[in-house]
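Paired with subunit B in one complex and with subunit C in the other, subunit A is shared by the two complexes that follow.
Presenting the complex of A and B:
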């Protein structure tokens, strides 16, 4: 089993990057790989609880389902604070963490890293 | 298992968060102690982050010069692609500690890195 790290830096409704994220992570999970996602910059909106897009896929809901399959999802705390998202506003199973304590460990443990941003 | 990372900076300073965010991320990885080598490579318009003559106070923005200096102080390696910078700026004064590199050397360096991310 390999570990894939995905860094997402686009917001959930900005473009299709988060849709690519959930497709990519699901494909890796289906093949038995570990998947860790670090949300940075606008990407932190991925773990905001209560997302309700009317006509688009609900990325938050999909990620919650993938967490139950073993995906790890952590967002940058500084980026969250800058955008007014506080601890407790992330959905269950995800975490508001940090680059120094979480991303650095993810990078050191990964076999591949994919960056999704524009 | 990754022991080193290259952070490529492709976006210019200011205007977007990208270059600043990339350098802060490189700094966090460097101070974590988990990377044996953290490299920041400025290319394209990202090479403008290497200029010592930035005046971010005009924009009331945090200084990318200080971000670069933090990286150098903490012994991350910071490189700028010389051809890319010369194409944008004929009289470039670099922040002290930044090293110039051509694309041939950059390609060799990137191919030797365990992990690469782009800003």
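Presenting the complex of A and C:
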């Protein structure tokens, strides 16, 4: 099994990058790849619990479904603190982690890395 | 040289750095994938021609074409997300997002 690492740096309501994220991650899971997502900068909004967009796909809900299929989702702690998102506000199955302890390991272990950013 | 797959997310109005693709790729095999508003590169012949001068192949995401109601010009290959996964994981060594 190969591993795809996706770094998402765009927020859920900024543009369509998070839609690319969830479609790409689902297709990779369908193909039998392991998928790890590291949320950085505005991308950390992807794991905020309680997202309720009115006219856009619910990225949080979709990612939660993908976590149940094996996806790993971790956000940068410093980015969360900067935006007032505290540990415990992430939805179940996701994690507020760090670049040092998580992203560095993901990068060293993945087969391919994709960055989604503006 | 490691082959490179360039992921373009911005429209031709927002992104005009085609020379960056040539510079980053060097002598390596390279292709471009057009996602989000970047699919508009495939809808205008002159924009697509410019891209094909720096990339040997140009792939365009079918979902994003349909969402914008545009048809690709000849020369762009329509793909879905499963094909994109194969390009990333099996057919190119690195991805670069611009």
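General remarks:
Quick note on the criterion: the second predicted complex is superposed on the first by the 118 of 118 C-alpha atoms of A that agree within 3 Å, B and C clash if a C-alpha of one lies under 4 Å from a C-alpha of the other, contacts with A are read in each partner's own complex, and residues count from 1 in each chain.
Everything that follows uses one rule, which is that a residue touches a chain if its C-beta (ideal position, glycine included) is under 8 Å from a C-beta of that chain, and two chains touch if they have at least 3 such contacts.
Owing to the predicted nature of the structure, the values given are computational and were not obtained by experimental measurement.
Contacts of A:113 after superposition: both subunit B and subunit C are touched. After overlaying the two complexes on the shared chain, residue contacts for A:20 are found with subunit C alone; subunit B is out of touch. Once the two complexes are laid over each other on the shared chain, residue contacts for A:81 go to neither subunit B nor subunit C. By the touch criterion defined above, A:30 reaches subunit C but does not reach subunit B.
In the superposed model, A:40 lies in contact with subunit B only, and not with subunit C. Using the contact criterion defined above for the overlaid structures, shared-chain residue A:4 touches subunit C, although it does not reach subunit B. Overlap of the subunit B and subunit C interfaces on subunit A comprises residues 111, 113, 115, 117. Listing the residues of subunit A that touch subunit B in their complex gives 5, 7, 9, 40-41, 98-101, 103-105, 107-111, 113, 115, 117. Those residues of subunit A whose C-beta lies close enough to touch subunit C in the complex are 2, 4, 15-17, 20, 23-24, 26-28, 30-31, 33, 111-118.
On subunit B, the positions that touch subunit A within their shared complex are 1-3, 5, 17-18, 21, 24-25, 28-29, 31-32, 34-35, 115-119. Across the interface of their complex, subunit A is touched by residues 7, 9-10, 35-37, 63, 80-82, 84-86, 88-89, 94-95, 97 of subunit C.
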